[in-house]
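Note that chain A is present in both complexes that follow, paired respectively with chain B and with chain C.
After this line comes the complex of A and B, so read on.
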């Protein structure tokens, strides 16, 4: 097993990604950060990530498409949805399509760390 | 890891289905009796008084006495805090509006033909169909009017439920089919708890806890919570607005898990006029 988790982080708001990337790197993850969902989608098609963290509401490509692509590429990939517009319908759709978890914005770095730790645990990484 | 709520008209075998579902899924079973017993223990109100609050029908919640408004708040508080657990099958209509925005609560309504429910009651209680009809119709009306007055909901509104099952003639195989449908549907991943839905239920429970804490000051307040931040909306006459806000804030800050409180006090025009101020 690899030492570090490979994470793709996608949010069209630069401030979100720039804030979360160091949080994830601090707990020992390799993070590829994207603001453009199309570029993120291309990268997902190229590489199997352990974890994909994606916003939902984005121009051109939405988070559900990212979720579907990531799960199609690898059903082991854990997809975590982050959104400021959470609804029951959205939550259920995301879970139904294989999301690992969903977090509503605003959230703290601790909230994200806790979800990442759960995802890492289910991937067999015990020491995150 | 989900919560199932089941509502049904009387003598539709809804309670039996709820209990059987809990047993098969190895979930905990709960109903209004359990909730009222917990409310009674925590808030020191007798179960008979609480049960009366669930039977009396005001034209609106505001028409209830202050004591009854407090009872409803206590019941809502215990109910929503109960929902913080997982793996529950809950039977009853109490608290139905509070769980609408929680994605891991699977809301089921059981319906059956009135004539079959009447036959069911007559058979179970050994009484005439005429007498059974009066009771079933009365109970239906009572439940519907209570929910409309207290929660401003129509229990027959299909939007309140994820699944509505017509159990036909309420025979054993109808009950078994309903049970199978509920058990297989709740296993869908969309009804599993997630960070977002768990936060929703915590927020709802916290809002109710705040209302219960302030029920003796003002049972009509509106409360919103998010991760320990509490927003309280109330009314007071201008002269007393600041004191009321401060008193509420001090009380709420003592609740475990509360980090920040904001109180918004609107001018209570009616009281201002009534008091000539």
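After this line comes the complex of A and C, so read on.
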């Protein structure tokens, strides 16, 4: 097994990525940052990520599509959905389609860290 | 949520009272002159006219009859005189009939004295006196002759002297009597002539009277009725300003006017309530979207603040500065999101102000951005630069465009496109705002109903059906129009035109 977790982080809000990247790197992850969902989609088709973190509501492509692509590429990939205003229907759809967990905006770095820890745990990475 | 609505409508009810009062006062200031009184007056006038005609003809006929009687007596008088003169001639020729002559002359005298008064009115008093004098002298001469005859005095000189005198007086009398008859006959002819004319004059007068009376009546009936028709058509189109005074006087029509104005006030307050309730619903729809929208800057602030808290020792000055700028920008962003919603949601009196249509439409689009995200549609905006300002109520116009955009977003599928186009309209003096979507379109059979209040094809809890009805009212009040172009399954295009030069009349009054 690898040392580091491969994480793809997608949010059309640039600040989210800028702030979360250092947080995730500090706990020992490789983070690829995307603002454009289409580019992210292409990258997902190329590479198997351990964890994909994606916003659900974005122009052109939404989080559900990202989830589907990621799950298709590799079913061990854990997809964490960031939701804005809790759109219950979409959240339920995401969970049904195999999302690992959801985080509701606004959240703190700690919230994310604990979800990542859970995901790493289920991936077999002990102790991040 | 119902509270603001209640307070608003109660405010309307309060403010409506004084308006009604001024109308009532204006009405009371008008002189009372009902239609019934008007007709009664015309009727009385006609009755008086016909009565005058009847009385006049009765009097005239009476007078003619009297004159005829008089002419008859005059003719008998003339006859008696003539008879007397014939007897007189016989006497001088054959020495007979002198007594007959005296008798005829006496008859004439009694006839004359019987209708002396009347004669005086026809001839003058002087002439009557001469007539009498001649008659008296004639009788006197005849009596003198009788005396001579009785006493058998044969005096040829005396006799011929009396004869000439008699001839002279006799001729005078005949002349005057004949003149009397002719004069009276002439006056009868004149009267008959007049009586013949009277019906013609009366007819002319009656025609004139009918003409004026009908003009008066039509003025009082047709004009208010026409005004009424105009007003009801205007009201049907959604302009609820009070009707102009139908009539100068207080009467039946002012009652109608009062009733219509009261109805207008009711309709106006209903409409205000409807606009308000639709607005509340729209705010409800938007609030969800805005709450979501607000989460983004809030999340950014939270993450940035935490990052600063955790790493403040390791951060370079530049990084720190960047984060602080982010904080400020995101706070600003939240503020404008909230402000935009509040701007629309705030309760305020209807005011007319100069408006920049570009800014107004852009702000409205911002309000709907989240709805667009949810329905996965793209909003494309195209705004012609340097458009003139329009006058109107900002919130109300926003409400119209909001409804059109939300309708369009409801109509499109995922990846639908809503095009918003602001430009100068084809008709001069107007700006046009077009909202076009490539959604489901509107089937022809419901097209006539979409502007009806409470007409909706959306499920319960999703649409109130008030949107287009309210929009139509608002745009009409601004002096504009809404038109629609649609093809089922292809597209729907709503075009709102608004005048930019003229000030809408409704705002002048309020």
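Odds and ends about this structure:
Following the convention adopted for this analysis, the second predicted complex is superposed on the first by the 128 of 128 C-alpha atoms of A that agree within 3 Å, B and C clash if a C-alpha of one lies under 4 Å from a C-alpha of the other, contacts with A are read in each partner's own complex, and residues count from 1 in each chain.
Note that in this section a residue touches a chain if its C-beta (ideal position, glycine included) is under 8 Å from a C-beta of that chain, and two chains touch if they have at least 3 such contacts.
These numbers were taken from a predicted model, which means no experiment stands behind them.
With both complexes brought onto chain A, simultaneous placement of chain B and chain C is permitted, the two fitting side by side without a clash. In the superposition on chain A, A:88 contacts chain B only, with no contact to chain C. Computed from Cα centres after superposition, the angle at chain A between chain B and chain C reads 60 degrees (steps of 10).
By the touch criterion defined above, A:96 lies against chain B but remains apart from chain C after alignment on the C-alpha atoms of chain A. Shared-chain residue A:115: touches chain B; no touch with chain C. A count of residues in chain A touched by chain B and by chain C gives the higher number to C.
Once the two complexes are laid over each other on the shared chain, residue contacts for A:59 go to chain C alone; chain B is not touched.
Judged by the touch definition given at the top, the superposed model places A:19 against chain C, while chain B stays out of reach. Between chain B and chain C, the minimal CA-CA distance in the chain A superposition rounds to 11 Å. Taken in their complex, chain A has these residues touching chain B: 86, 88, 91-93, 95-96, 98-99, 101-104, 111, 114-115. In the complex of the two chains, the chain C residues touching chain A come out as 288-289, 291-293, 295-296, 298-304, 306-307, 310-311, 326, 330, 373-374, 376, 378.
By the touch rule above, chain A contacts chain C in their complex via residues 13, 15-16, 19-20, 22-23, 57-59, 62, 84-85, 87, 105-110.
Interface of chain B with chain A (complex): residues 100-103, 188-192, 194-197, 199.
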